[in-house]
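See the structures that follow.
Common to both upcoming complexes is subunit A, partnered first by subunit B, then by subunit C.
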Partner chain A sequence: MLKRYPTLYYISSRAVWYFITFLAAVTINFLLPRLGPANPVDIIMARSASGLDTKTAMEKEEAYLKGFGLVELNKDGSIVRDASGKPVQSPLIKQFFNYVKMCLKGDLGTSFLNYPKKVTEIIAGAIPWTLALQIPTIILGWIFGNILGALAAYKRGVFDGVIFPSALLANSVPFFAFGMLLVYIFALQFNLFPAIGGYAQDLMPAFSWEFLSSAAYYYVLPFFSIFLILAGGQATGMRSMCIYELGTDYIKYAKWLGMKEHKIVFYMFRNAMLPQLTGLALSIGTMVGGALITEMIFSYPGLGMSMLTAIQGNDYPLIQGITLLITVSVLIANFSVDILIGFLDPRVKAGIGSK
Partner chain B sequence: MNIKDYFRPKTLLAGALLCGLISCKSDNSNTTKGEVSFPRNKTLYMAGFQWGEPNTFNPLCDWPAFPVGGNYNLMYEPLMNFNSLNGQMEPLIAKSYQQNDAVISVILDSRAKWSDGTPLSAADVVFTYEIGKKYPAAPTAYVWTYISAVTADTVTDSTSESGKAERVSFTINKERNNPLAVLDHFQAVRIIPKHYIQKQLDNLNGDLTAFQKEKLDKDPVVSGPYTLHSYSGEKIVLKRRDDYWGKVLYQDRLPKPQFIIHPIYKANDHFSIALQQGNLDISSTFIPRIWQKEKQGVRTWYSKEPYFVPAAMTMLFVNVTKAPLNDRNFRRAMAHAINYADVKELAFSQYSPNLEPGLILPFGTEKQYYSEEDVKKYGAKHDLELAKKILKDAGYKSVFNANGELEHMLDPKGQKVPTLSIKSPAGWTDWEAMVQIAVKGMREAGIDIREGFVDASIYFNSLPTADWDLILHAPSVNATPSQPWSRFESVLSSRNWKPVGEKMNENQGRFNNPNDKNYNPKVDSLLKVIPNLSDEQKKLEAYRALNVIFMQEQPTIPIVYRPEQFYEFSIKNWDNFPNENNSYTPPQIPCFGVGIKALWEINSTAK
Partner chain C sequence: MKILKNLLKSPFFVIGMGLFLGTILLALFAPLFYHIDIHSRVGAAYMNPGGKYLLGTDHMGIDMFSLLLEGLRSSLYVGFMAGIIATVIGTSLGVYAGFKGGWVDDFITMVTNLFIVIPQFVILILVSASMKEGRSLSLIAFLIGLTGWTWSARAVRAQAASLKSRDHISLAKVNGVKTVGILLLHILPYLMSYVFMVFIMQTASGILSEASISMIGLGPFDTVSLGTILNQAMRSEALTDGAWWAFIPAMILVTIISFALYLINTSMEGVFNPRLRK
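After this line comes the complex of A and B, so read on.
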């Protein structure tokens, strides 16, 4: 019956698929960190056990296992033990249901390594920085890259001769190398911009002109370290797409019809942009990971470093919290792009309607 | 042609988004107070103690953020401080200590006060220790291995105003009978306010786990010269307490910096960059080639090699339960094969004097127990030919290919020895280089061994269980009153014996199995006796005997000396830091143990 409304059918079928993907992703996020050989309590104990005798160390370890909910408990709160007196580990499936139950309540748990800090607290403190750095760079880089790519393809000549090689160059430089180069030239050699941090070291975050202007000043180098490389990548992609579109029959036909130039460019742009849109949605997924490198080069505040240390220390709740966030944002971005493409490209909907 | 027209609205939108996001940053900050500016001439920047987000400032948590926990004397204070320059205990909350066979007691300074004005009394000291007895999960639980009771009483004291003073007595646990460890606790355990914490614990029905969730980051009750001002993911700010009781110990003077800021950097280079730019005054990180930064005002304790004061050793622990590592000739051959000069020069930036064999440092307060004669007679120095000879004499045969590269090794029975490996955390570049140099030397000597770099979490996981052949590890790093005993204990003791696969927190290579027919009871009995020896001659003999056993058996292979902590400072904004020519404190960061005295002596040079 929905088939009579192709748009609605398209959206709802996408939504179902995305929900299934979401469930699979949550399960994998839960399982992956637990499949490795190292256990978070072992890692914490390695730090706290030196100098303890074996009995004290064991008592401490059990207190941790209990605190993190990794062992089975009796009704009186004591630890269930096997025949040899060792604590019985909670089965994965039980941990999983606990995790889902807490997630539904909006509680992502307490970080093991940053005990007793809540995962939501850690994410809330860092995510504004990651978003403020990554969203504008990704979107602006995408827009500028696509415009330059389209221009290069359409104008050719000298314009292309300059843009294309420089875009290729920008795209092939690794993030970290470019960032370090910027630091070396603009911060260490010429002292134009600060090398370290997200705002002046004698300030605390506050809603004041002093803080905001300082944050803007510290924003410049990290911004360009990502922006230029991203724009380069987009430009090369867009240029090839446009060249392909320019050679297609519909463009030739439109030219023969004597249509206005900007109308033709609009058609070309609309079609060439479709794959670029998907690329944009995917780049949301690399946001946190990409932020890590920027964070390390500039000691910039953000979520990347928290994720790295969480993974190194098997901090299950924090890994889960951050990956959940990434999963959700990638899925939402992809879903929106899917819908957008459905509108931009009638073929997509038509394909479903005619099945 | 005007493609840009199509995007004008979106560009505007993106611009608006950018502005919006920048402004929303501030909404999620952890600012606790309105003050935002810290004048440079009143602020000391130090870094290297706090690496991630500050988690909590609760002293009853295991790993609280700087400066709670650790040996920092800024917010909470210990009974006494240990001065590693002269090996003496110095007064703080306790004025002095007295020791007999069964009991060590301290006399408290009656002037000590908490920040809320409550006197710091014997009840607080007893409470701090008793918490560890009541809750095995409390950070002070470990002290009860060495003491069996803590009691308080009042004694006459002519030096105090009232003529009386409180005394706290620690009964030594006879089972371990180790007064050195009890002295260690005096400088390691920070006293917490009973009146403030007991009340909160009572409200939680005595549930420590629930109390550990409290962050104590708002106006904490402290006794030290600084208190928490504010913090965020990027820095921790401490403010001087102008009513600090301890100024009486400094002719009524306060420490110079009004603020101490600990910035939290995410990469190693940033400590070095910030020091050179004068944005950081003190750093406690490994910075290679420090001499190249001298022009930028970066200084260390010594102005020449080794730049830092060595206080511990980085060693290769050997799993002596495995063949051929159970053969002490094999272990000695390994020790002879390593080029220690290369380790020091190429892996450790010359930050170590030349390594002498054995477990006793040939300088500092340990020098009195060092015997050059023993070291000459028993110690294994770098000597490749001798390594080869020892292996040959013991019956090992190495097979080299036509290019002179080692193919494999045969044991005395003619069996192929499986390739050995040295476990070490991947990405710790200085450690990686040490392992590579050790491997190179051993392979030249004909030992089939390779690097085994693993993720740090796996490294920590496997260290206590001995599922390795060799592992790089720096045991017992802190300069404490119990050195060098604690170093021997952490390398040789089999008193907490556990088989391979279970966890052992010292002697991880499983040397001297007490259930084995070759068990040498002398080792454990010497380890037990030394802490009780007061006769220096007997102590020297005991240490010599232990060191000789160590050198003969070579259960671990020390490869380089390392400082207790790295301590670099910049003289761009503050001067008069302690150094070799101005050693008014030991080479410690000015907030760590006795090192805190430096906060009273440094002078601002900032404009």
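After this line comes the complex of A and C, so read on.
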């Protein structure tokens, strides 16, 4: 029945696909941390058995084991222990289902470092900063890069000779290294912008003019360190795409017809755009990763920083919670791009599908 | 040969190859001319460049130039290892899926797309965080290769699928050549230049991935790499101390290597796709 509405069919089939991917991501998030010899579950099991810990440490570990449903529980909610005091581990498959159940409920466990704060609470505080930094940066970088790439392809000559190599160079600089360079030059040498943080330290987050302007001031350096590199990468891709389009018959025909230049550029741009949109969907994961590390350089109060503290403090529940959240956000971003493609790609409307 | 001649005409290729070979030669032969010592403290913390030590010292008083050379060697090693592993996995899966078609193709494509969407660095973080002591450089290279093959599988699959219906392939099939034989003798040779480009890009992304993962403190424990140098500089306040020599040279090296590899890749694209040349 859905076949009669190709766009709807396309979107719902993508939705099913992303749900499967989500389940795979949850599985990976559950299994991978257990592969290593220093995996959190073994360590905590061993520590909880030794009985050498302080009382609060014991409490944390028990909360972890119970919270993630890793151990068998007595009827009164206490942990079942064997003769030597070692907690009795649940079978792996049971642990897995407990974990999936937790995730679907939106519970990501309790943080070790900030015990008894819930992981979701910590993440909720960090998310707005990450979203505010990354969404505009990625979208603007993508648009700016594409325009630059199209111009370079269309104008060629000196314009291309300057833009293309610089875009390629920008694309080769690692995000974090560029961030460090900007901090060093603009924050520490010239004192133009603040080096770290998301807003002035004497302020509290609020919807006041004072706070927002301070946040905007702190926004400049992180923004540019992600934006320029992203734009560089997009520009190189768009340039080849446009040169390819310029060699096609329809452009030649349009030129013979004596069409206005801006019209031809518009056609070229529109056709080169779709593959770029697919390219965006494929590279969002990498972009988000790079941007998160940039957040760490700037001690920006977002997810990147929470992740860094979590890694340094071995806060496993927080690490696992953040990685899952990042994956889910990347999935959502991808799905949105797919929906956009569904509306823009004439092949989808015609029911041919695009792969 | 003709391809090489064409490539040498492209300034991008010459510059890229020159830079890349330069870094490789530096990494290979520097130990012959310079005594690399990354363990002993030779002076105070953050000694200025110049003088006895070309690039000064790091926060522990270790010779920065030694660290940089060792870091370059490690980073190139990770890049090549990860590049080879990812290229082999990606190419094999891609060629096989593209040639076979049908449900095999569907399955491999689905798995590939799945791992394209799940960010590589998330997987790297999850695995590295659970390996505290045993995190060696080789292990990290291996992990990066094992998780980075996805987009090359996708790209190679598309190429192989377009070759599938060529006459010489049908002829080989009629003559009873086995699938493996067709893949190795009749499809891969046509894709060699493409596979080489994939390898170049995988190496570049391997070096960048290692640098990123080391930057967040999940790098190798057994040696220094360009990423761990940057991480150490960041953690020990090289920025606020104005010790530019502790991070800018490492940064420039990472950038030069990946820039060189991108240049090589772009110039090869230009040669193999005449439409881009103009």
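Just so it is clear, the second predicted complex is superposed on the first by the 279 of 355 C-alpha atoms of A that agree within 3 Å, B and C clash if a C-alpha of one lies under 4 Å from a C-alpha of the other, contacts with A are read in each partner's own complex, and residues count from 1 in each chain.
In the analysis below, a residue touches a chain if its C-beta (ideal position, glycine included) is under 8 Å from a C-beta of that chain, and two chains touch if they have at least 3 such contacts.
The shown structure was predicted, so the numbers you read here are calculated from the model rather than taken from an experiment.
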Counting only touches as set out at the top, which of subunit B and subunit C does A:Met296 meet: first, second, both, neither? both
Answer with first, second, both or neither: which of subunit B and subunit C does A:Ser240 touch in the superposed model? second
Could you say whether A:Ser208 touches subunit B, subunit C, both of them, or neither, answering first, second, both or neither? first
Where does A:Gly285 make contact in the superposed view: on subunit B (first), on subunit C (second), on both, or on neither? second
Quick check for you: in the superposed arrangement, does A:Gln312 touch first (subunit B), second (subunit C), both or neither? both
Which chain, subunit B or subunit C, is in touch with more residues of subunit A? B
Now for A:Ala195: first (subunit B), second (subunit C), both, or neither, which partner does it touch? both
Could you tell me if A:Pro128 is touching subunit B, subunit C, both of them or neither one (first, second, both, neither)? first
Could you say whether A:Gln276 touches subunit B, subunit C, both of them, or neither, answering first, second, both or neither? neither
First, second, both or neither for A:Leu168, with subunit B first and subunit C second: second
Can you list the residues of subunit A that meet both subunit B and subunit C? 37-39, 188, 195, 296-297, 312
Contact residues on subunit C for subunit A in the complex? 113-114, 116-123, 125-127, 129-134, 151, 204, 208, 211-212, 215-218, 230, 233-234, 239-240, 242, 244, 247-248, 251, 254-255, 258-259, 261-263, 266, 269, 273, 275-276, 278
Would you mind writing out the residues of subunit A in touch with subunit C in their complex? 17-18, 20-21, 24-25, 28-29, 32-40, 156, 168-169, 171-177, 180-181, 183-184, 188-189, 195, 236, 240, 243-244, 247, 282, 285-286, 288-290, 293, 296-297, 307-308, 311-312, 316, 319-320, 323, 326-327, 330-331, 334
Which of the residues in subunit B come into contact with subunit A in the complex? 1-7, 10-11, 14, 17-18, 21-31, 33-40, 43, 45, 51-53, 55-56, 58, 61-63, 136-137, 141-142, 144-145, 209, 212-215, 230, 232-235, 237, 261, 263-267, 270, 273-274, 277, 279, 455-458, 460-461, 463-464, 475-476, 486, 490, 496, 498, 503-506
Give every residue of subunit A touching subunit B within the complex, in rising order. 37-39, 42-54, 56-60, 63-64, 67, 110-111, 113-117, 122, 124-129, 131-132, 135-136, 139-140, 143, 147, 150-151, 154-155, 188, 195-199, 201-208, 210-212, 215-216, 219, 261-262, 265-266, 269, 295-297, 299-301, 305-306, 309, 312-314
